[in-house]
Amino acid sequence: MASPLVVRELSKDFGALRAVDGVSLEIQDGQVHSLIGPNGAGKTTVFNCVSGFLRPAGGQVLLDGLDVTGWPAHRLVAAGLARTFQITKVFGDLTVFENVALGARSRLGRNLQMWRDARNVADAQAGAEEILDMLGLAEHAGANADHLAHGDKRILEIAIALALRPRLLMLDEPTAGMSPGETAHIGDLIRRIAKHTSVLLVEHDMEMVLGISDEITVMTQGRVIASGTPDAVSRDPHVQDAYLGEVDVMNL
Amino acid sequence: MNFFFVSVLNGVVYGCFLLLTSLGLSLVFGLGRVVNFAHGALYALGGYALIVGMHGAGAGYWPALILAPLLVVPVAILIERVAIFPIRHRPEIYTLLVTFGISFMIVGAIEYAFGTGTTLLPPPAPFVTTVDIFGNQYPVYRLLAAVVSLFVSAGVFAVILFTPVGLRIRAVTDDPGMAEALGVNTKWLLTLVFGCAAGLAAFAGALGAPIFAVHPEMGTNILLDSFLAVILGGLGNLAGSVIGAFVVALAKSIGGGYVTDWSIAVLFLVVAIALIFRPTGVFGRGRVA
Amino acid sequence: MRLLQSALFGLFALSLCLFANGPAVAQDAVKIGVLTIRSGPAKPIGDDILAGIETATQMYGPVLGSPVELVIEESLFNPQQAVTKATKLVQQNQVSGILGTSTIETLALLSVADRLGVPIITSNSGSAAITRERCNRWVFRTNAEDLMSALSLQELVRLTPELQGAKWFTLGHDYPWSRLVAESVKGVENLEYVGDTFAPLDTTDWAPFIAQARAAGATAVIMPVTLGTPLLQFIQQANEFGLTNEAMLVSPIGLPDWLVAKLGETSTHVVSAGSWAAWRYEESDSTTRDFNEAFFEMHGRVAGMQALQSASAALMLYNAITKAGSAEPEAVVGALETIEVNTPVGPLMFQPDGRQALVPLFLGPYEALDTPRYGASFGQRATAFPASKSLPKTAAEYGCNLG
Amino acid sequence: MTIAVVAGLLAILPFVGAAPFTITLLTEGLIFAIWAMSLDILVGYTGLVTFGHAAAFGLGSYAAGFFAREVTTDFFVTLLFAEVVVIAVAVTIGFVVTRVSGIAFAIISLCIAQVLFQIAVAWRDVTEGMDGLVGVPLPKMFGVTINAGTELYLLTVVTLAAVCIGLRRLVESPFGRTLQAIRTNEDRAAAVGINVRLNKWLAFIISWAVAGVGGTLMVFLKAGTTPMSLHWTESGNVLVMTIFGGLGTLFGPVIGAISFVFLRDEFTTRFEAWQLAFGFVFVVVVLAFPTGLAGIIARVWRSLWPVRS
């Protein structure tokens, strides 16, 4: 079985600035793979190129062995890739339930149906309920997504993505703005998700990354400087120089 | 060849004039994401302020021309405070809707106060004549108005580029969040810039009065032209607006000379096509969505 | 926020009270609808139309022993609105006739005239079709139509030495009317035609079009431009560019007198064919003089072309109601077909079996008056061009079959 | 169900003593309601603010008017023809304009409407230029002429009810939810696998098709149309109606359109400076009642029957 995601020599320019320069990475089935690096390292750009929100300037993206380089986002979803956003982007006007049901219907290819009531798409309804139960959002199902607390919105982001039943789930800083308790909860959640779905994670919280990742790729200035298990990466002198040192400085 | 020359000259003159309204429109958008549909109505208000100055206060043309923007700026500041400030947290399209309603109100108010008639104003005394340019008689006042417009526009650029206020305007335009974090008071800055942009429009209305006459709906055309210019240049992009203004003016003038009745349609089509391929404006970096 | 809302609501209610002025309704009055332009750039035309009808109404006095009540409605210069407002006049105000419409409104009303079922007399519509191929038994016209005006143009050329041998150029708006004017100029024998251009309807800067007339070497520019702001802008800019020194400006229809007053000295560069009315006709017809004096008394200004014409239309209607002995629409239409009335534009009657009034046209240049009269310092030196010359064929020959 | 009751109530109005002119204005209001609802699909549900929606309505009027005058006055055939024309144009234009969003969309749609306006002025053989298409006969149904007044009113009520039912189903369908998702956030919508452009395109076509139905009825009511029906100020009017009524509610635009017609009639009859009053009401609604009349009604309703909320 092919790897869920293979990225080869990916590059992307913004004007004269080369934001991503020959990045390669590969995710193994059923693993949590984290992408870390200081601000401006190009993580989010890689993320956007892979998920179809930016068109890469060069390189290749393979999803389950299929070349999907430059595909638009909605086709990638159909091919089994789902993502969340760094800034919360739930559908605020819709109910929590409807947010998830949208994803579920999308997986079933029912989103273009014009003549039946959305509430009568039984498979999607059941799928959405299951996911809300699993993530502990069931009690808020009827509320408008706008009215959720910040932490719950972040979880809803993940719920929407999960409703797409992806082969690969890409999470962009899922713990941004969360308390330590909530962060731990998200960490558990990601481990649980990884049982069925491979996860690509961009994250700042080092403690969590080191705790839950199977593999870590480190980027600075658009390039990969290290890749391997959490142990191997945290011992890597390059990483300590370029990245962990900086974190320490920032923690002062 | 002479005809082509005159068409180009007409375009350049109108382009200079269009700068006055386009720059304001672009500034206000860049700074506060305000799509000001009332800009044309403020232009018309400038024309009437000139008439108030000349016929009401008995001032000569030149003092009245200076007075006109001064009369309109407070009105614009009031509009910004009452109607635009409260909706700044809403999507930018709401500013378009509110100013659309305000433009109706201003035109209605002008009709109520001054009637709907057209007022013709002759150019001020020494300029009511033509001059020979390569065998073409051309009105002196139009050339003068173009030069004045250019100077005022250059002044606007100088303020933006070289003064502390201009620095703040550029900072907010680039990144409102960052500028606010650095302590720039964006609320009052927008009020100030909105007022000044309205002043520019009013000045244009007064300056153009001897050419285009003064009537309540005089702003409609200039609003559309300025919008097209600003959109072409990229909303919020001042240098782009300059190019946009001249493109629109030349297209109208040369188009009017050669394809006459279809000229406006061609202009609209060009803008539509340009926007489809470059939704953020054709010239340089601009922001739309 | 609640405070703001109630404050705004209060303001709104207040503004309603300020502007509201509901008309007082007299029960036994003869009601006549005036559907005309009450706002926007063309309002001065609507003002003249309304003022003329008011003056005629006062001069005529009671109709069938009852006072005439004018019900005024805004057409917004918009055809679809005009249809709604005309329906309002008939269904809600129960008027006995409708006056005051201009071309685009009249054309729209033609389509629903049978539904409305009251006589409509227009005094400000040029389109020939209204009384030719599109004629309708309910719709009458007292002003001359465009093809009549076109014939008068030939007469103007004959009367004006400067226009003979001129190089003609048509510079107009992109209306069907403008193209018709261009065609009729081309049709005049022994006339040198050097070109034409039709500007988009919302043109405010005429420079590109003036440049074309110049490049063609025009010495007579005929200008089918919308009466009102656009024509003022055009003439002002033609003067600004010095075109008025090189070419004579010829208007295919007369200029309203408020427009002449605004142009002032510049108006003397204009010569007009096909004026529907001219107040200086009073020099040869005392009915016109009486009207002018009454108009000046009521409105304090000179009676313009639209005012004289709309007054004539009103007089036709009042005389027809009187003759019919009732305001019943069918009877009034019957009476309109046969009456002949002395009006401020001369004696008027409708074409037999048709709906076009046999009306004279007036030609001539605008000039400064030796002594201002009725507040006007400039006016058209009017020569009458008789109806018999401008409308030589019968209604049927012009394509009007009322069947 | 609610729709059927309301339509039934509207339908009996002429028989319980409503004045003829009230019926005339109401006919106009209900036709505008169809138009405003079609705009609500675009603005309220999909989040695409357009300043060119008059193009759809005016094009429907021109197509239907031309066909009724030249070929047959049968209502169904005419409507079919108008829809074919409107949909064909919408497919073409929509394909291009739905590439963009936000202000670019607003301005491009305005530009395209102005180009259609110019075509209506210049294509004199078909449109008769600025004079307009006049003398459109009354429609026939099964060979019977639908007279102006009550009969045309009833036809409008029935059409409106049909459009209401159709659009209600549409907005509650998966597709309707998809549009709402696009309105909230295009990127997020793409990330749940929604083909944003395709859905916007479909919304555009549906919106135009519904507006074309309104245009067809209008050309019969007014017995003609002119290029003014394509002018951008008309696009502004329908935007006013829709926002005034309440975006994204469907029933809001219906109320908005009816109040617009009655208010405009009153304002233009009463005030010479009607634009002032009109602009003022609009600004107040946008500023203080972003949810429009529908929002106000909902609020009053809840305060009267607090238990039911």
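When the chains are written out, they are named A, B, C and D in that same order, and each has its own residue count from 1.
Please note the rule applied: contacts are C-beta pairs under 8 Å (C-beta built on N, C-alpha and C of every residue); 3 or more make two chains touch, one makes a residue touch a chain.
These numbers were taken from a predicted model, which means no experiment stands behind them.
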item	value
Furthest chain, CA centroid comparison against chain D	A
Chain nearest the global centroid, as defined over all protein CA atoms shown	D
Computed distance of Cα centres, chain C from chain B, in Å	36
Inter-centroid spacing, chain D versus chain A (mean Cα positions, whole Å)	42
Between chain C and chain A, distance of the C-alpha-averaged centres to the nearest whole Å	72
Residues of chain A touching at least two other chains	none
Set of chain D residues in contact with two or more other chains	118, 121-122, 272-277, 280, 287
Touching two or more other chains - residue numbers and ranges from chain C	39, 174, 200
Interchain contacts, given as pairs of chains that touch	A-D, B-C, B-D, C-D
Interface residues, chain D side, partner chain C - complex	19-21, 24-25, 28, 118, 121-122, 124, 128-132, 134-136, 148-149, 218, 222-226, 228-229, 265, 268-277, 280-281, 284, 287-289
Interfacial residue positions of chain D with respect to chain B in the complex	49, 96-97, 99-104, 106-108, 111-112, 114-115, 118-119, 121-122, 236, 239-240, 243, 272-280, 282-283, 286-287, 290
Complex contacts: residues of chain B adjacent to chain C	2-3, 6-7, 10, 13-14, 111, 115-120, 123, 130, 137-139, 141-142, 211-213, 215-218, 220-222, 252-257, 260-261, 263-265
Contact set on chain C toward chain D in their complex	1, 4-5, 8-9, 11-12, 15-16, 19-22, 38-39, 73-74, 76, 78-81, 83-85, 87-88, 91-92, 103-104, 107-108, 110-112, 115, 127, 129, 134, 174-177, 200-201
In the complex, chain A residues that touch chain D	51-53, 72-75, 77-78, 82-85, 89-94, 98, 101-103, 105-107, 110-119, 121, 124, 160-161, 163-164
